[in-house]
């Protein structure tokens, strides 16, 4: 009864997701991607980076360690569907994964189900967003590689998820499918927040506005990735 | 971690769903609803009936045993939302339940989650459609009252679900939440099909085109509800 | 090249639209509808009233002069389309018209085009919302009966459209099709606002929150409809 | 009352649109784009080419005369909107235009209105699809650069628009705004169809399946662009 999960790429924790959304693109996002690529090596932290579709190929070619993901894709086969994002095109452009069902690009349950299967089919890691714990459990049955557990009530509060929430969501998801990785979202605005979430037991976290709206995005990126490493070493060594 | 399920109304099996969709409305659907109301009493089979929104109040007032459900509703609170279907309005008009996430009215996972909670809040039984077994499992975590397991590949084939599929879907759903009832959909075109599905172990089934496109819809309705009773008695006595 | 406009019902100016949206339903909206029906006769002002779908039949049966409209409908033919609002069902339930393309229920251009044709086909007056003057001009080519010109920047400001805007939008629309009637929306919160808009030359205006959020909705309704009549007589006598 | 039209790039007729949709991408579409770039010079015909978003930059860099357009974009400002296609990102990647409102990616009237304004703002030629003559007239008020007049009933029939339809749509659009260019779509499957449409008076036409499903797409492309030139010269010399 369990559907297949894509096995072509395993993302070793700790990892971190940076979402440029529509804030940065082209040369500006290239600069940030190169900084992220370097930080990934410097701190031995995997970094998922979700640029505009138009920038995927350029970033994939300019980096070596960065995990370039699409922000979304449509569950269509090769053929019709003008204006859609074709899974095969995303893959061949150099993306290694795709984000699905973000609150700003919600999907029907049926399309989400199909898109996760298409990701497996073309060879893309799927990272799927959940608003509530029951949605995270629901999504776990669709066998994505990673679930983003992001309590809606914390988004934009600058108050990251606490230890109890992290433990509960992780257990709820792993109980359904222990192979799914969990990224704890919402509320990350600086290195201290990152430290706290990883210290509380998370394998991964991430941010958009924390870096996009920072005075010096590259400096903030370095601070956050460093915090991932520091907290991870304290918990795991 | 488990969210609440609406407990105000329990639908005793066997039961059957009749979906007029946009085929019948007003006086014509009233005639069918009255026939369904009588068949419900005659054969001691619960019947869920989903008319156009505009006909809910009229059918609820004209029947006593029929379970009138809305075809859909929006997860909005009282207030704004012009053009939406307000849960409170559906309830007060006389509906006792609501169908959600049909393939012709797919919902985002997040809206579906909210709509099931709203149904519980205002006092409506929720019946939620699933295209695949993994979607049925996913939906089970959202705690609806009933899940419609309708293998997409059988829709319109006139070939009802077989015993193995019925057993597997029922077990997959009940393992997550044993209180959820399962309706086996797809492929019902006459009394024989109904008999076969209930005989194969289902608690419930239903149809749209089987009745809507019949030469004599009321006669076909009687044939189908009678078949529910016959098969049910053979299995359970 | 000009498509047909529904000719079965002409709404004689001045007229006024009351939009209960999801604020009022069932018994509460019935009370308001009866008050509106009386005010319509008392002040000789036509009143368009857009209740929840579930309340259309009840209000149509309980009133004589009120113009009951659906909040929206889908451009589907009789048949499939579970969860949709069928034009024929709206008509037979007693509605005399339908609102389309409100900012809270936006339609694709293609669906809007089809829905206006369906309205004409089943015999419903169409009232279509426009956010900008160029959208109002665009919609005029689709031949609805009424266009709601509602400058987005004024919505909720409590500041109604001024004389210049009213004149410009009316001329822009009438130049394309002089048979289309224009309702000036946005920013109506009391009788004084209504008076000003009609005095500035409008044939019609309307409100949702002005009445829905009033301490005494029926009293506010009377105040507003009275203001329509007073201003209209000053301009036209 | 007339909104601005983007003036940064004028596409001199005759021109032709090739839509790879989701049929071709990456290396395969690059090959076709290079062939189109050569055909554009060889026959002095402007070619609009709409690849997947992920291929825009690569094609823009590999060609000199080809007019690379995005298949769609969202009317959002720089900032939030994960999963959306940002106008600025499309422009800086090398696109010179954007297609909007194709039947496979329909837009609400309000979003279409905003997207055309955004195209003008960032410097992109807008080409907007219309299903019916009245939709073409409606769109003309939104001041796009080009309107695709594609009678729905001809799509996929292999029967191109006739002289009467071409004349009527062109006049209907030009009467509203003479600066808008008109591309006659639907039903092009070979050079003969192309010849007939241009000979009948069109300034432009285009195809997806005619080239995508040809045994030798590059050969068919050459045949079609040659036919544009031949017909154009016969009409205009």
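Every chain is named by a letter (A, B, C and D) in the order it is written, and numbering of its residues begins at 1.
Heads up, the rule we're going with is that a residue touches a chain if its C-beta (ideal position, glycine included) is under 8 Å from a C-beta of that chain, and two chains touch if they have at least 3 such contacts.
What you see is a predicted model; the values in this text were computed from it and never measured.
Novice: How many angstrom lie between the centres of chain B and chain D, each centre taken as the mean Cα position?
Specialist: 46
Novice: In whole angstrom, how far does the Cα centroid of chain C sit from the Cα centroid of chain D?
Specialist: 37
Novice: Would you pick out the residues of chain B that each touch at least 2 other chains?
Specialist: Within chain B, no residue touches at least two other chains.
Novice: What is the shape of the graph in which nodes denote protein chains and edges denote touching chain pairs (line, ring, star, complete, other)?
Specialist: Contact map by chain: ring.
Novice: State which pairs of chains touch, listing all of them.
Specialist: Listed in label order, the chain pairs in contact are A-B, A-D, B-C, C-D.
Novice: Give every residue of chain A touching chain D within the complex, in rising order.
Specialist: Contacts found on chain A: 19, 21-23, 25-27, 50, 52-58, 71-72, 76-86, 88-90, 92-93, 99, 102, 104-105, 208.
Novice: How about chain A: which of its residues touch chain B in the complex?
Specialist: 1-3, 101, 103, 106-113, 131-135, 137-139, 141-143, 168, 172
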